[in-house]
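In what follows, structures are represented as structure tokens.
Across the two complexes that follow, chain A remains constant while its partner is chain B and subsequently chain C.
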Partner chain A sequence: MIKSMIQKMYLGLILLLLYAPIVTLIVLSFNSSKTRSKWGGFSLKWYASLFENADIMNALYTTLIIALLSALISTLIGTAAAIGMQALNNKFRTTMMAITNIPMLNADIVTGISLMLLFIACRAFYPSFSFGFATVLLAHITFNIPYVILSVIPKLKQTNKYTYEAALDLGASPIYAFFKVVFPDIFPGVCSGFLLAFTMSLDDFVITHFTTGAGVHTLSTKIYSEVRKGIKPEMYALSTLLFVTVLFLLIVVNTAPEQNTSNKKLVRKAPSKFSRIANIAFRRVVPALLVLVIVGGGFFYGAQNRASAGEQVVVYNWGEYIDPKVLDMFEEETGINVVYEEFETNESMYPKVQAGAVSYDLVCPSDYMIQRMLENNLLAEINFDNIPNLKYIGQQYLEQSKAFDPENKYSVPYCWGTVGILYNKTMVDEPIDSWSVLWDEKYEDQILMQNSVRDAFGIALKYLGYSLNSTDLDELQAAKELLMEQKPLVQAYVVDQVRDKMISNEAALGVIYSGEAIYTQSENPDLEYVIPKEGSNVWIDSWVIPKNAKNKENAEAFINFLCRPEIAKMNFDYITYSTPNTAARDLIEDDAIRDSTIAFPNDSELSRCETYQYLGTKFDEIYTELWREIKSK
Partner chain B sequence: MAKKLIDISHISKSYGDNLVLDDLNLFINENRFLTLLGPSGCGKTTLLRILGGFETPDAGNIIFDGVDITNLAPNKRQLNTVFQKYALFTHMTIAENIAFGLKIKGKSKAYINDKIKYALKLVNLDGYENRMADQLSGGQQQRIAIARAIVNEPKVLLLDEPLGALDLKLRQDMQYELIRLKNELGITFVYVTHDQEEALTMSDTIVVMNQGYIQQIGSPEQIYNEPENAFVADFIGESNILPATMVEDKLVKILGVNFPCVDTGFGRNKPVDAVIRPEDIDLVKPGEGLLDGVVTHLIFKGVHYEMEVTANNYEWLVHSTDFFPVGTEVGIKVDPFDIQIMKKPESEDEEAIPIEE
Partner chain C sequence: MKNSKKLLTGPYLFWAIAFIIIPIIMIFFYGLTDADNNFTLMNLAEITTPENLKALGLSLLLSFISTVICLILAYPLAVILSNKNVNQSSFIVLIFILPMWMNFLLRTLAWQTLLEKNGVINAVLSFLHLPELNIINTPYAIVLGMVYNFLPFMVLPIYNVLIKIDKDVINAARDLGANAAQVFTKVILPLSVPGIISGITMVFVPALTTFVISDILGGSKILLIGNVIEQEFTQSYNWHVGSGLSLVLMIFIIFSMALVSKYDKDGEGTAF
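Now for the complex of A and B:
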């Protein structure tokens, strides 16, 4: 009795551990409150808003069409391959089976990267071949084929190999014999292969991630890119739906063969009405539906992307770094379709542009990264004849740009800002004007530092009176020691959370970008931003055109559009980072903001600031190593 | 004079290094029940598959009713096959199975229905039209396989060990069934088996094969009573195969004893093999036979006793309805026409000489 109790409890515990995360997700998807920690009552609103989101619906459609097409094609290829392999002699068959099984055991990331490399290699022969729907489809077909083979082979083994010969013997042509005699026997295997392939395709993230191109998202890559920006409750709903779908398909795959045999037992006497109906359903209705879905969907999809066939511009920008309305306006005005992709850090953007898997027309990196891209010959010269609106950009910003683009030939400034200290007036008792406050023991556990090598070292180097692009090992050592000294006082090394923590009064002092400071101030008036007197970092994010851009003129048209004062003003209102567009600044109605020293610091403040420069691989490594030493101690 | 229907000439076939058929020649007459008999691996099934079109010979050709069909696809041939494992289409009803070939030929519905009824009656399975194939017993399935083949009115029906999977009693019933069918249809049956009893029971002509060569062709009586070599003698039934010397015509010296026989033409003092069937040996009182021996082994087999008699250092296998306890001294007597003399092969290779009809 007790033993069986314990057994049941143990089983229950295992199930609990296995399913707790998914149950949490499902429960949260019905939570009407936006915060994870509070139950705000049962609600379907996240599901409703999910279905209203055109991007997600588009991703859903892409996912389904890729799953369906890749499953269909891989079922065809896989079944043919299985038949071929079955006809081989034993030794070859075993070898072939092993070879086809390897991709299944192979790590997805290896498959993904190798497919990406292969596709890049293809571009050497067909330069017009670009990443997107086709590459994802090819990749999915590739990794699906082994699953189909795996489920068809056992069925082929079970069939009596003489039935095929018997059919030939009775006068059937080989094709007729296959479809009349062999195919019905292996049909359950083909079906489960198809469903398995469909499920795998639906499920895949890693391989899609590596093989997709600009603007093509499946649900999984969509969820990933959304989650990077911050988890929205809609994503719980979407993940729940995805989980339920995959679960359902897996149940179908696993129970299908059983149903088949039990059916057979039921249909002992003559083929019953049921089996005839099932037969008709399989032969007529299912293919008809498939054709309908694919053709109808194809039209729908084509209509959705009709512009993609014509003019387009592929933009690669920071997340939340443009007013979405601006994109719509540009498309409406010019008829050029904007394919919009986002990145999170300069370092994650760089390899994608360098690999050239997707040819971006326009990218928005930061100063030092532009320098690095220039050094690696990745950028094209901009034809400024196409950008008359450049005149609205303040001369001082172009001067500043010379630090990384010496002749102002490759970049157009988009946003800029400084790094400074955000402090809560109610929590500090003296005026703040120096980095030294970050080393004041009074504020132990009240300090938030940026979790970024260059920013942390920049602060320490500036505090010590050095350049924040220092390549002097002694200076760097001194900066490191300073940071080590500071470590016990720091509440946390964070990135985006500085904003939220400062708004909610969780810390007194935080290192932050000026653009964020404007937003936090509007949320919490007790906050104040200052550029310390020792000087700081001033950064510029500028538009550049990669060498392999396919729509250079469209890219220039887009830059010109963004430089238009009204448009630049819209973007400033949306992203709150300082605009280098002086005409746009003049359009700002709110005096407090237009004259804000946070958004537009005065020249004396700016003269104390430096831009980051790319220091080369060697110093990249030195900085990283020193930072690692600090963090690990 | 029967008409020659199939002419197989100079057929060779090998799989890799394995030579399965070597320059084989054979013709098959109309309206015959011809059996290819031999141990497994002798090439009989390969020959049948070449006839059916499922294998292509490396050399040689097959003339069917005056036309060369060597490279004709199986679905174009006017012969049908009954496979060892029935090979029924399990997802179809019995009627659909039988109608399969007729539908391909584009026969009318009425014609097909008539044929199904006729064929089912012929194999004694009327009323089974709507059953599924896997609901039937092995024997029933095999009869359906035959029905499915014969509705196409082939000139030749090829049967590849069709009774191999059935139990003994069923197998015997089916043997009679097949003879009856063959007589009713009046077509040629080419039957492959390794079961000598089956071959003897059903065939008009038996072709004994070994290692890709034909060893002997003849009626069941000829094959049994007058095996042409030790292989045939050994393979067909049980026998005593003894090294002997042909002293002169009609006299053979076996184990140092002269036996009168009926064979002539082997020359004088030539080494030969003598075959004596165990049931052809008469046990008599010591001294009354040609040589004396002692019963060393005794098993009751139902119809007869099986004994081993040691005489002149040889263990003679004897079948007799008379009972001689172990230890009894007996005399061995053989009638001259019960001794079959065969030329002794001079080498291993020659043991499998190709023989033409």
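Now for the complex of A and C:
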């Protein structure tokens, strides 16, 4: 009695561990506040907006179709292989099993990378081969086959080979005998293999991450690209719906008597009326639904692809760095379809553009990265005849751009800003005007640092009174020492999560881009932004067109559209990053924002700030190396 | 007849060569050459830099701890589950697969919401006037994330070997005078070794190579070997070093494959 109590409690505890995060996600899907860190009351609005969010629905269809197709194909190949392997001699069978184990035991990251290397090599032979739906599907089939084989083989071993031979003796053809005698026995194995393959495909992130291309997102990669900025609440709603659907199906399936697996049981009970209905539901309705999803999704996807087969422009931009309505308006006005991709850091964007696995038409890197791309001959000259709206961009920003684009031939400024400290007035009681506060032991575990090499080093170098483009090894060493000293005080190294964490009072101080400061202040009025007196970084993100762009003119049309004052203003309202479009700034109704020193700092503040420069491969490596030393401390 | 059956392995053989063997060869190629395609062992030697060694050491330590915790949690669980009514068994097993339908990244992110300083768990603790739990952005949070994500891969193989144990064997042991402890140590435990070994490798390898869990729950303060490799490929763009380090990781994978084939000759301990 006590024993069974303990057992139940233990089971309960483990289930609590397994399902606590899931309950959390379900609760978050009803949170009317946009950030996950604040409870804004109960709301169903995310469920409504989910179905209007074409991005997420598209990712859902891609995910389901890839999961279904890869599960189907791998079930076919895997089941055939399992049957064939029974007929092989021992030596071959062991070898085949060893090969089968490779994707199972190999690290996801190694499997993903090896497939990526293979697909890149394919491009050497077929230059038109590009990353996307097909590569993800191939990859998923590859890691799914072993699950099927390993589910089918145990069932095959249990089958009695004499019944098969008896069937042959009685005149059945091998195929007839197989389907009448062997197949019913291994069917549960095939089913569980299929289900497993489907689940694995659905849940995979790492391999998809390495094998997908522009415009093709599964839910996993979509979520990963949102992690830094904060997950869109619609995603929670979708996951909740998926989860509840599966739970419901499971309950239906399990209340039905399991005819498939009941061959072990001695007495077969006569099925009750209810279970017969449930059984029909499982055997007829569920497969019919699945087919419906495949076909419907296929049509939908095909329609999508046909749309993208026309005029298009492939844009590669920072995460949440444009008002989605702007994209819709552009598509409506020009009929050019926008394939939109996001990146997190300059450093992660660069290799993707350089590798050319996807040919982007328009990219939005920062100053020093543009210089690097120029030096490596990756950029195409922009034809400014197609961009008459350039006249709305303030002259001073074009002047500033000359630091990385000396003749203003390759780039059009999009957003700019500074790097500074965001602090919570209720948690910090002294006036903040210096980087030194980031080294104050009082704030141990209250500091959020930027997780990017140049920003972290820029801060340390500025604090020490050096240039943030330093190439002096002693200065860099000193900066490294300083950052190492700081590490125990740091709560986390973050990129964009600083926003959510500051809003929810997780930390007292955070290093942040000025553009995020306005948004965070509107969510939490206790926050204040300051550019420290030692000076900081002033940066410009500009549109550039890579050399291998396929739709250069569309890209120019897109830039021109974005430079239109009303559009630039709309965009500013949404992303709150300072716009270099002076005409757009004049359109801002709210004085407080138009004259905000956060969005548009005065010249004396700016004079203390420096722009990053590209320091060359050698110093790139030195910076990266020093940063890694800090991180692994 | 046998020959035509053998032909059924054809498609898979083709697939395996194209998408398993050749990619592995590509990794070897990149790992053993430099930027000018000359043979070199330098990429493998990268593992000996203090930072990479530290990342590897930490990865080994954390994944070892996670594996041990998983084993300790999973074994009793598998025993309890295997004693349940057979009719419910598939349902119970599915309960462990069910969480996988909620995206892996979202599940891990949810732990962030739970563990944060102002998170759910601390709210509950402070309501109960208990001390706060501050493990977010520490190795403890990473271990928790690993245990959480990989526990089903330990439970299922052990469960699968346990339900296959013939009840008559256990009854025979009892009849011959063995007490409960003896039945367990002399009969059940030895018979479940294939499942345990398979579970260990299925937890240890993904834990060793993860880069997502350490990223999300470690606050990017903690660098594991998976993070190093991911950065080599996606940020430093140094495929040669990245492949070299992957080759080093493969040593551990080969080791676990050998372990599995030694203890689990019949493939009994498969997870599913």
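Definition applied: the second predicted complex is superposed on the first by the 329 of 633 C-alpha atoms of A that agree within 3 Å, B and C clash if a C-alpha of one lies under 4 Å from a C-alpha of the other, contacts with A are read in each partner's own complex, and residues count from 1 in each chain.
Convention: contacts are C-beta pairs under 8 Å (C-beta built on N, C-alpha and C of every residue); 3 or more make two chains touch, one makes a residue touch a chain.
All values derive from a computational prediction rather than experimental measurement.
Engineer: Determine, under the contact definition given at the top, whether A:L118 touches first (chain B), second (chain C), both, or neither.
Structural biologist: second
Engineer: Is A:M9 touching anything from chain B or chain C once the two structures are fitted on A? First, second, both or neither.
Structural biologist: It touches nothing on chain B or chain C.
Engineer: Please indicate which partner A:L473 is in contact with in the superposed arrangement: first for chain B, second for chain C, both, or neither.
Structural biologist: neither
Engineer: So in the superposed three-chain picture, is A:L44 touching just chain B, just chain C, both, or none of them (first/second/both/neither)?
Structural biologist: It touches nothing on chain B or chain C.
Engineer: Using the superposition on chain A described above, determine whether A:A167 touches chain B (first), chain C (second), both, or neither.
Structural biologist: first
Engineer: Which chain, chain B or chain C, ends up touching more residues of chain A in the combined arrangement?
Structural biologist: Touching more of chain A: C.
Engineer: Jot down the residues of chain A that show up as touching in both complexes, chain B in one and chain C in the other.
Structural biologist: 174
Engineer: Okay, in this complex, where on chain C does chain A touch?
Structural biologist: It comes out as residues 1-13, 15-16, 19-24, 26-27, 30, 50-52, 54-55, 73, 76-77, 80-81, 87-88, 90-91, 94-111, 113-114, 116-118, 120, 134, 137, 148, 151, 201-202, 205-206, 208-209, 211-212, 216, 219-221, 223, 226, 228-230, 233-237, 239, 242-243, 246, 249-250, 253, 256-257, 260-261, 266-268, 270-272.
Engineer: Show me the residue ranges of chain A that touch chain C in the complex, using the header's touch definition.
Structural biologist: 7, 10-11, 14-15, 17-22, 24-25, 28, 36-37, 77-78, 80-81, 83-88, 96-103, 105-111, 113-118, 121, 138-139, 141-142, 145, 147, 149-151, 153-154, 157, 174, 192-193, 196, 199-200, 202-203, 205-206, 210, 219-220, 223-224, 227, 231, 235-236, 239, 242-243, 246-247, 250, 254, 258, 261, 345, 347-348, 350-351, 354-355, 445, 451, 487, 490-494, 504-506, 621, 624, 628-629, 631-632
Engineer: Please name which positions on chain B make contact with chain A in the complex.
Structural biologist: Chain B reaches chain A through residues 52-54, 73-75, 80-81, 83-91, 93, 100-101, 104-105, 130-132, 134-135, 145, 148-149, 152.
Engineer: Taking the complex as given, what residues does chain A use to touch chain B?
Structural biologist: Touching chain B: residues 160, 162-163, 165-174, 176-177, 180-181, 184-185, 264, 267-271 of chain A.
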